[in-house]
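Read through the structures below before going on.
Each of the next two complexes has chain A plus one other chain: chain B in the first, chain C in the second.
Here is the complex of A and B:
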């Protein structure tokens, strides 16, 4: 299997997770986890649109540099901004501990501010992947997942955690966002080194694992109360 | 040379952070399992005491 084939599997794993999530929507439609499904569909849509605009050269949605290289990075930069904020929102609504909620709010504000500052003064929204916000967002998200774990452990009742959808979502997110932090460091510099693209296989494997965990979680979890 | 150096740095740091993530998940699962077990034991202990107390009442 070539690297490119492997990369092409990811949008389909996202689509699979979104479809399965929609089928099992009745389990969590009354909780904030419904926003997670909307996010999954948005990610899938961006992934397919991103591929389509490059393949078909939809000039109104892509940018060309002086060498004629096509860029659709703005779609993914926007996607990342929305992804982290939606995830913060989902955990914010799901958790009950006031202190944790307060911190999630602070994280969301800091993250959004840094993202906007980065776009405005440090990195281009169109030509570069946003490195600093990605690292910051990942670290904040890991902390938020820790909050969820701590709250779950503090609950004085028996929790069948492996039957909770958010547990599986958290595991998928944790593996992907911790594993991809090293890749975000100086991404725009090292990606120009010839032959480095083979290394991206790790990101793609982690992404595939994440979406498969989401899919499993949708099927395996119990209906939320 | 540059490619090898960058690859090695990224690989090592990825392994380190992934070990951290997996350890976190494993620890959470173990603690959650222990907590559930303690709560179940606690409940059965409470039931025993309650039964004993009611028999004393009688």
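Here is the complex of A and C:
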């Protein structure tokens, strides 16, 4: 299997997770987890339109540099900004501990400010993938997921955690967002290498695993109360 | 532009970080499992404790009832017997008009004696154990009918099976409490009791057709709660229905398992 075809699997794994999530929407429609499903659909949509605008050269949505290379990175940069904030929002609503909630709010504010500062002064919104805020966002997200773990450990109720949708979502997110931090440090350098570098496989494999874990979580989890 | 060393470094750090995350998830799962197990055990201990309390209460109650039963039978019963004997001895020396009066008094005493004996029987757990559930219920129903203001019936369906004596007593006491409540409060003219034996269950249904009460407005008394917790003690399903002006019904579904003797 060539690297290209492997990459092309990702949007379909996203689509699969979104479809299965919609089928099992009744399990969690009363909770903030519904925003997670909206996020999944938004990710899938971005992925497919991102591919479409490059293939069909929709000039109103892409940017060309002086060598005629097509750039749709702004879509992904915007997606990432919304992804992290939505995830913070989901956990913010799901958790009950006041201190954790306060910190999630602070994280979201810091993250959003850094993102905007980064676009304004450091990295280009159009020509570069915003990797610096991504690393920060990933670290914040890992802490938020640990908050979730701590809170469920402290809970004095009998809860079968492996039947919880958010547990599986957390595992998927943890694997992807920690595993991609080291590569994110040098992402834009590797982007400039002609052809596709093997290292991109890390991201794709992790992404694939993450979406498969989400899909499994939707099917396996019990109805939320 | 990119050194081979950087690629390897990125690869190694990624793997390390991933390993770390997997370890965190495993530790979390272990702790979570242990916590759930601990909570389960705690819950079970509490349940056992509650059951022990109910059992102790029941034993005390049965003991008290037995004492009352003995007291009625040996003390009050004896006194009434002596009174009847003395009346009989007086009889020959009396004038005719007084004779019939004394006769009537004697009959009243006989009736009282009979009532007290039945009551004593029904209160004594040993007797109930001996005669069995069906006969005990029959005695209770007969006693109600003698009161002359309601009609009580007992219907038995299916082939009767011997059930555990201790549990038999508990079933009987629940039913007894229900029936005496109906008698006291429902103003009913009709009381139906049905015992149905199926392959798996003994279903006891008791129903009155009196004033009933509204479950929402009436505060839960200790009687109902008591009946419920006793039923739970012997794994019996407890269904209590009440409708205003239509009456009250109680259904006990008792599992007939093989270890019953």
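Rule of thumb we're sticking to: the second predicted complex is superposed on the first by the 220 of 225 C-alpha atoms of A that agree within 3 Å, B and C clash if a C-alpha of one lies under 4 Å from a C-alpha of the other, contacts with A are read in each partner's own complex, and residues count from 1 in each chain.
Going forward, contacts are C-beta pairs under 8 Å (C-beta built on N, C-alpha and C of every residue); 3 or more make two chains touch, one makes a residue touch a chain.
Note that the structure is predicted; figures quoted are calculated from it, not measured.
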Quick check on the superposition: with chain A as the shared anchor, is it clash or fit for chain B versus chain C?
clash
State whether A:156 touches chain B only (first), chain C only (second), both chains, or neither.
both
Given the touch rule stated above, what does A:195 touch, chain B (first), chain C (second), both, or neither?
first
Going by the contact rule set out at the top, does A:178 touch chain B (first), chain C (second), both, or neither?
both
Overlap of chain C and chain B interfaces on chain A (superposed complexes)
146, 149, 152-153, 156-162, 171, 174-175, 178-179, 181-183, 190, 193, 199, 202
Listed in rising order, the residues of chain B that touch chain A in the complex are 2-3, 6-7, 9-11, 13-14, 17-18, 20-22, 24-25, 28-29, 31-32, 35-36, 39-40
Complex contacts: residues of chain A adjacent to chain C
146, 149, 152-153, 156-162, 171, 174-175, 178-183, 185-186, 189-190, 192-193, 197-199, 202
Where on chain C is chain A touching in the complex?
1-2, 6-7, 9-11, 13-14, 17-18, 20-21, 24-25, 28-29, 31-32, 35-36, 39-40, 43
Under the touch definition given earlier, write down the residues of chain A that touch chain B in their complex.
142, 146, 149, 152-153, 156-162, 171, 174-175, 178-179, 181-183, 190, 193-196, 199, 202
